[in-house]
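Labels for the chains are A, B, C and D, by order of writing; each one numbers its residues from 1.
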Amino acid sequence: MMDLDSLDKLHEECGILGLWSKEPLAVGELLVLGLQALQHRGQEAAGVVVSNGRDLLLEKDLGLVAQVFAPGRMRRLELEGAHLGIAHTRYSTTGSNLRFNAQPLTARSSKGILAIAHNGNFINALPIRQRLLEGGAVFQTTGDTEVMINLIARYAHLELIDAVDQAMRELQGGFSVVLTNRETVLALRDGGGVRPLVIGTLPQGGFVFASEPVAFPLLGASFLRDVRPGELVWIEGDELRSRQVLSVKPTPCAFEWIYFARADAKINGLEAHQARVHLGEELAREGAIEADLVVPVPDSGIGAAIGYARASGIPFDYGLYKNPYAGRSFIQPTQAMRDLKVKLKLAPTSVVRGKRVVLVDDSIVRGTTSRHIVQLLQEAGATEVHMRISSPPIRFPCYYGIDTAARKELIAATHDNEAVRVYTRADTLVFLSEGGVRHATQQSVCLACFNGQYPAGVPQGELEKLSLERS
Amino acid sequence: MMDLDSLDKLHEECGILGLWSKEPLAVGELLVLGLQALQHRGQEAAGVVVSNGRDLLLEKDLGLVAQVFAPGRMRRLELEGAHLGIAHTRYSTTGSNLRFNAQPLTARSSKGILAIAHNGNFINALPIRQRLLEGGAVFQTTGDTEVMINLIARYAHLELIDAVDQAMRELQGGFSVVLTNRETVLALRDGGGVRPLVIGTLPQGGFVFASEPVAFPLLGASFLRDVRPGELVWIEGDELRSRQVLSVKPTPCAFEWIYFARADAKINGLEAHQARVHLGEELAREGAIEADLVVPVPDSGIGAAIGYARASGIPFDYGLYKNPYAGRSFIQPTQAMRDLKVKLKLAPTSVVRGKRVVLVDDSIVRGTTSRHIVQLLQEAGATEVHMRISSPPIRFPCYYGIDTAARKELIAATHDNEAVRVYTRADTLVFLSEGGVRHATQQSVCLACFNGQYPAGVPQGELEKLSLERS
Amino acid sequence: MMDLDSLDKLHEECGILGLWSKEPLAVGELLVLGLQALQHRGQEAAGVVVSNGRDLLLEKDLGLVAQVFAPGRMRRLELEGAHLGIAHTRYSTTGSNLRFNAQPLTARSSKGILAIAHNGNFINALPIRQRLLEGGAVFQTTGDTEVMINLIARYAHLELIDAVDQAMRELQGGFSVVLTNRETVLALRDGGGVRPLVIGTLPQGGFVFASEPVAFPLLGASFLRDVRPGELVWIEGDELRSRQVLSVKPTPCAFEWIYFARADAKINGLEAHQARVHLGEELAREGAIEADLVVPVPDSGIGAAIGYARASGIPFDYGLYKNPYAGRSFIQPTQAMRDLKVKLKLAPTSVVRGKRVVLVDDSIVRGTTSRHIVQLLQEAGATEVHMRISSPPIRFPCYYGIDTAARKELIAATHDNEAVRVYTRADTLVFLSEGGVRHATQQSVCLACFNGQYPAGVPQGELEKLSLERS
Amino acid sequence: MMDLDSLDKLHEECGILGLWSKEPLAVGELLVLGLQALQHRGQEAAGVVVSNGRDLLLEKDLGLVAQVFAPGRMRRLELEGAHLGIAHTRYSTTGSNLRFNAQPLTARSSKGILAIAHNGNFINALPIRQRLLEGGAVFQTTGDTEVMINLIARYAHLELIDAVDQAMRELQGGFSVVLTNRETVLALRDGGGVRPLVIGTLPQGGFVFASEPVAFPLLGASFLRDVRPGELVWIEGDELRSRQVLSVKPTPCAFEWIYFARADAKINGLEAHQARVHLGEELAREGAIEADLVVPVPDSGIGAAIGYARASGIPFDYGLYKNPYAGRSFIQPTQAMRDLKVKLKLAPTSVVRGKRVVLVDDSIVRGTTSRHIVQLLQEAGATEVHMRISSPPIRFPCYYGIDTAARKELIAATHDNEAVRVYTRADTLVFLSEGGVRHATQQSVCLACFNGQYPAGVPQGELEKLSLERS
């Protein structure tokens, strides 16, 4: 199966959701609705846990939210008196027994059943896991999320909140987590706040935690605030409680604004669409060119293209049609058909004929899709194609929850800008600068995948590799 | 299951495809690829027939093309020496045994096996069917397509081309048809050319027929020309043959340009996206207003919004985000959740806050979605919402292949424009005039659903009902 | 998929069922229950039609009854006010589009919707079909059942009963049929009564027709009588009406008693288990041998083995275990594993060790399974294996509804009895004589598959082939 | 879904299988074949682990072996160089997330990946689990099998064999276990040998462990010997190694011979079919009666009926037909249809009419089925029905791997024999005595479910309950 939506893009690894309501309600249905709004953060698996304080139901499987939670499956989430739950949508790399890697994860500990859903990565999971194994622990998965559950279980003598607090202090990296023990729901974020996590309130009393606030309207919830970097929040006696566990040094991921977050998602006070328009405006300044039309690569380049058109005065037009049904195709294309992938998804409209086109996209990963799109426009009669990218060249791996391709597959890691331009066959090519990103977002963003500077550290052994690569 | 993509829109009933190649090739795979490009013309069933001149394979079922033709099913279309086939994608109303109504239809007649795929409607199918039943015929379906096969079978003494010619003369309405008898592929169109049908050529020798040329790039085919209204074409000895069976009086369906056809589809020499930009420009003239932003309802209003912005000078912006994953949801929303349908699919971005917004859409059917969208924008802080529709009010049923809702559900059939505006809660509302449509398309279009003037007649008994309703 | 239950057996092609109740009841549920009792007559497809006199629902698909009518599907058979229906279970040969060949078949004719279910074969279907095709008819299937519907539709000017009467007179072969037009249910049988069909009464008023009376207890019905050869029965005003359409010359199929019918089925006054015990008693007389144990091939040889043991005085024992879970296995055995098929299904018990065994089975088709079973017993320590078959050697094809293997695959068609014995590796081999079958059943049975004498004729062209083969 | 095969029977909880081959072979395919021979030991879930010493694949799910391992799934068990594996088939009580309880279980420990499959019960699992939880362990399931893995993992400093040896010493109850760490396969049995486990040899070098030897022919294996009670065996350097970990006091489960084991299974030197014939012979002595026919309840009563007939001289006949397709039915019978369950599965044949019938079955659990069967025979004309049961009345729960119904549902736990007879409506009723079982089996069998004497102890807290109940 060839997944056309993820054609040559970086992948967010997860979206998470937690809900605690004062009164019983259709928790399963609401969490599934909310997950659908977070579907862009992970399309390979989905899972939901609901509880009424006594029973806990878990349903998870590979597939899109709407596939996993088909009508028959929804019935399995019905639970008398349910008032809380957590949910997860996941992008994951392939492997065997993937179903068992889907989240939420659950475990029966001395503290009762714990269920956890996680977005991001613990960079020191491996040494902690090794220590636990030597103490006689067993693991079901190879993932880092299970390490957190085992860490918490080790603090058997502490209250749950204190055990989670301890675990937060031991773990490093970029992570947002929701957790439940059937009584309360906890939410927490690493000290840099690399991955987003926001809080909403329910009108009937209660709270929602979500990777992005775009899930709130579907739950009837109102945006309250972001979970702060390093903060642990939970529900106690109908109230939201908070503890600042880790010291704060904000380094939110720039890519959330550049590409991952939904256009209408406001994170750290800045809406993604607004940010993208600003990025496009910066790009118009840094990459000015004389041209007739600004054309976005739909849908990811739309915001920046609008910004570019606005700042440059060059007309915006819809020069590339995106087939909404081309998301997944079961055809196994033969080698000769390989470039059909792009043709199934994108088609030029006639407005580009005889025109000098500014083609705006958010990023370049492998460069193959860019190359195909430039060709589509040229075949459709564009006289010049000027590629403008609203982010810097991606050169380094992300250790905080983004699936950057293998480094050797990142075209910008191995080619300079002119070589990338030649490969894409564009007439000119300009990437936005790091300064441009900072200026457009007005945030102290993490730019590690662009510049290799990792604010939350790197896993043991990786540092040496990186320095070799950088030299 | 609640289908969010078809929320409050008119539905094209079908897309059709035919292929004849000089040399054997992966006919099944190519037809499925081509069908995916025609998916917007029908999302409820898909079917493919392939043949090598001797054997004929048929696979069809309910579902999207990619669902019906999952990998296991694709294998069932593999046929040694296959070099021709036809295909169909269908929108259909609900009912029992829907699977049996999916197309292509096949029948074993004295002329061997015939397979047929059809877009449109025969308005005199019922009296012909009655006549055939009295002669001892039996039918499998209640559809009009089977009537055509039976008509052809009745001319047992004629050559196939002549039998089809005779059937064309007896049938009335708006229809495009592809047909195969395992040897040749035929394509034909009613005298008004109401529904589109185009011809492409294969590089290795051979021809493709398709509802829209957008299928051609996926088949490696080049656009040749439109099938002419009233024309019957077929393949004979590697050549394309043509016979002008019916006299021509072009009345192509205006809605193909307004909404149905894919943005990049060129029909009768006019590309849909271009037409939509022109419709938007006309609309800017007819519905001028002082405002800050032009916002399209994605994706159907994008072309007209660009035209409106261009002609009016008001900035275009992306004020509504469309969730690409919200196509289908298995949640059965309770009454209280009913308006979640729109929230699952659309979300306002922050650009509308404090702005006077021109909201551009292609049409209004029931008005419920428009009402929800206006409310979304108002809740997001738009100070004024001026609704602009790039087509006239829909007041009459279509008998030529469009599933207009029941007449009483068409808000414009029972309310005047001011009442519609009040219902949608927009500050102002302007529909494009019929003249505006003609001017933008520069075609002698059928506008029957707007003005009740039916160029290809109406079914027996319907005329009287209509005149009553019009009075 | 390797079907172990049908390992080397002849196959009945169908079981049929009809129900008409005075009062509304759960028709779909009852027909599915009844079909499960007829499952042994066909395991490849199942279908049910229910009607309330106005609406008609049809559900059919490939698979066992319990697979086709899984819970979700059962709901589709719920129909307010339903009081009649027909049903079918089918064995069929492989081919494309098998689903469309499943029965009941339905057709819309000038007499309204007709639904038909059929067990047996019309030997003159081909010439009648040819005649209808030339008159402009079209067919959906290549089967003979559709010919009957078209024949009936041709008599548009007659009442339904008279039209069916006419069709019965034109059709030849061995056939039992149930039919409904949403008002009444009809049942009919060829003049020889080759295939069984019985009538039951419902306690609340109404009638049931079934291939075997074993379906009655599940419907709460009581056995009334067999439909007579050549008889047409139907319901009119709550009453069972009858017309003797064809002259009677009873030639019931001997194989129904030998193997097909369920052990507890009473057909033409004789229960299958009783008949099998008698066949075994005859076999003990014709094939007497000195031995220690009588062992049946389970389950088909049990009745005859009991008869053999009783008549011979040799102890009966359970020397072969049959794995009830081995019905279907998805393992695709490699050549080396080929003989696992028998081992999956059958295993010797230790009682055969050191014993002279009389192995009793109902028939030999290809001989491969017999060969494997003899070997199993020998490996388990049986000192002698005397094979006794409770029917004559199968040498000729059946044209009346049994799927005899291709003639060249029938071991007895190409080998004499000694050659068959050598192939099976049995120490001795005795088949029951034709006289023995007649004596045991006390019926004027059709023995065509044993002796090539066809009481209801053979299809055009087959006679010549047979005489060649017989010479 | 109503499972007709398990109608009113005790349920074995599991069948297990392990394989180690000197050379690579199709391990997955062989284990699935072998599981099908153990299907009678558990029909609700199936699982297989295969390994090549490096990689480990696990596939398990709810359903019959042939359902879980459909063709697509079989491919997922293909592993280059695979030479070992374990497998499990399970009966389990209902609950949520059953899929996660299916076995084999796997865990990643400091000793690498362990996979385990288990038949039986650890009666002291609960206190051990509690101890582990307090030490910070987490569990995925509520089952006792996971406790064994965690126990082994706790002995991180020991060799695997020694760690397993230690775990065996700590665990009490009746259990047979197979285990792999990707290098070797281990098999072990409790000191009483309550649950069976046998060893076979592979012709090409290697060993198989199985609950019953009936799996061996399908694997090409030859029976070597039983694993001894209290013995731990494993493979080391192509050799079978053994260690007698626990002292031996044989108390094999009597029910294996009475009902659970396959007829052709030889356990502790005694074949189940032979044992059943002996039980029937004992029963004929203890429960002599004047009658005309001995009729088994198929299939479980066949062996004992043959023994009864042989010892009594009363003719054996097949008075009850069992529908092989009635295993599972999706019909949800209404209350009125409730007794259809038995009618779907069993039907009387005409041989019982006018006869005094000895009806032989292996056991009575709730009595409901017996009551229905007696009624079927009476309605079919049996003049007397004398029920004979080849085991004593079941009065006590099993703690060693048998799912005895809740005690209050065991009719013999709450009714004396005469009351049971009255309930079943039989004319006379005789259960075999405990002495009869011992005499027939010639083994020091566990009879705890009959007499409440538990040779391997009972779980904490249960003893007190039992003594109350016994008083």
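FYI, a contact is a pair of C-beta atoms (placed from the backbone, for glycine too) under 8 Å apart; a residue touches a chain by one contact, two chains touch by 3 or more.
The structure presented is a predicted model; accordingly, all values stated were derived computationally and were not measured.
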| item | value |
| --- | --- |
| Number of steps on the shortest touching-chain route linking subunit B and subunit D | 2 |
| Inter-chain centre distance, subunit A versus subunit C - centres from mean C-alpha coordinates, in Å | 61 |
| Chain centre separation in whole Å, for subunit B relative to subunit A (CA means) | 36 |
| Whole-Å gap separating subunit A and subunit D, where each centre is the average of the chain's CA atoms | 49 |
| Interface hub residues of subunit B, defined as touching at least two other chains | none |
| Chain pairs in mutual contact under the definition given at the outset | A-B, A-D, B-C, C-D |
| Subunit D to subunit C touching residues, read off their complex | 1, 5, 26, 29, 32-33, 36-37, 39-40, 43, 64-66, 69-71, 74, 214, 217-218, 262-264, 266, 271, 273-274, 277, 299, 302-303, 306, 310, 315-318, 321, 323-332, 334, 340, 343-344, 347-351 |
| Contact footprint of subunit B on subunit C as seen in their complex | 57-58, 76, 96-97, 106-110, 114, 133-140, 142, 149-150, 153-156 |
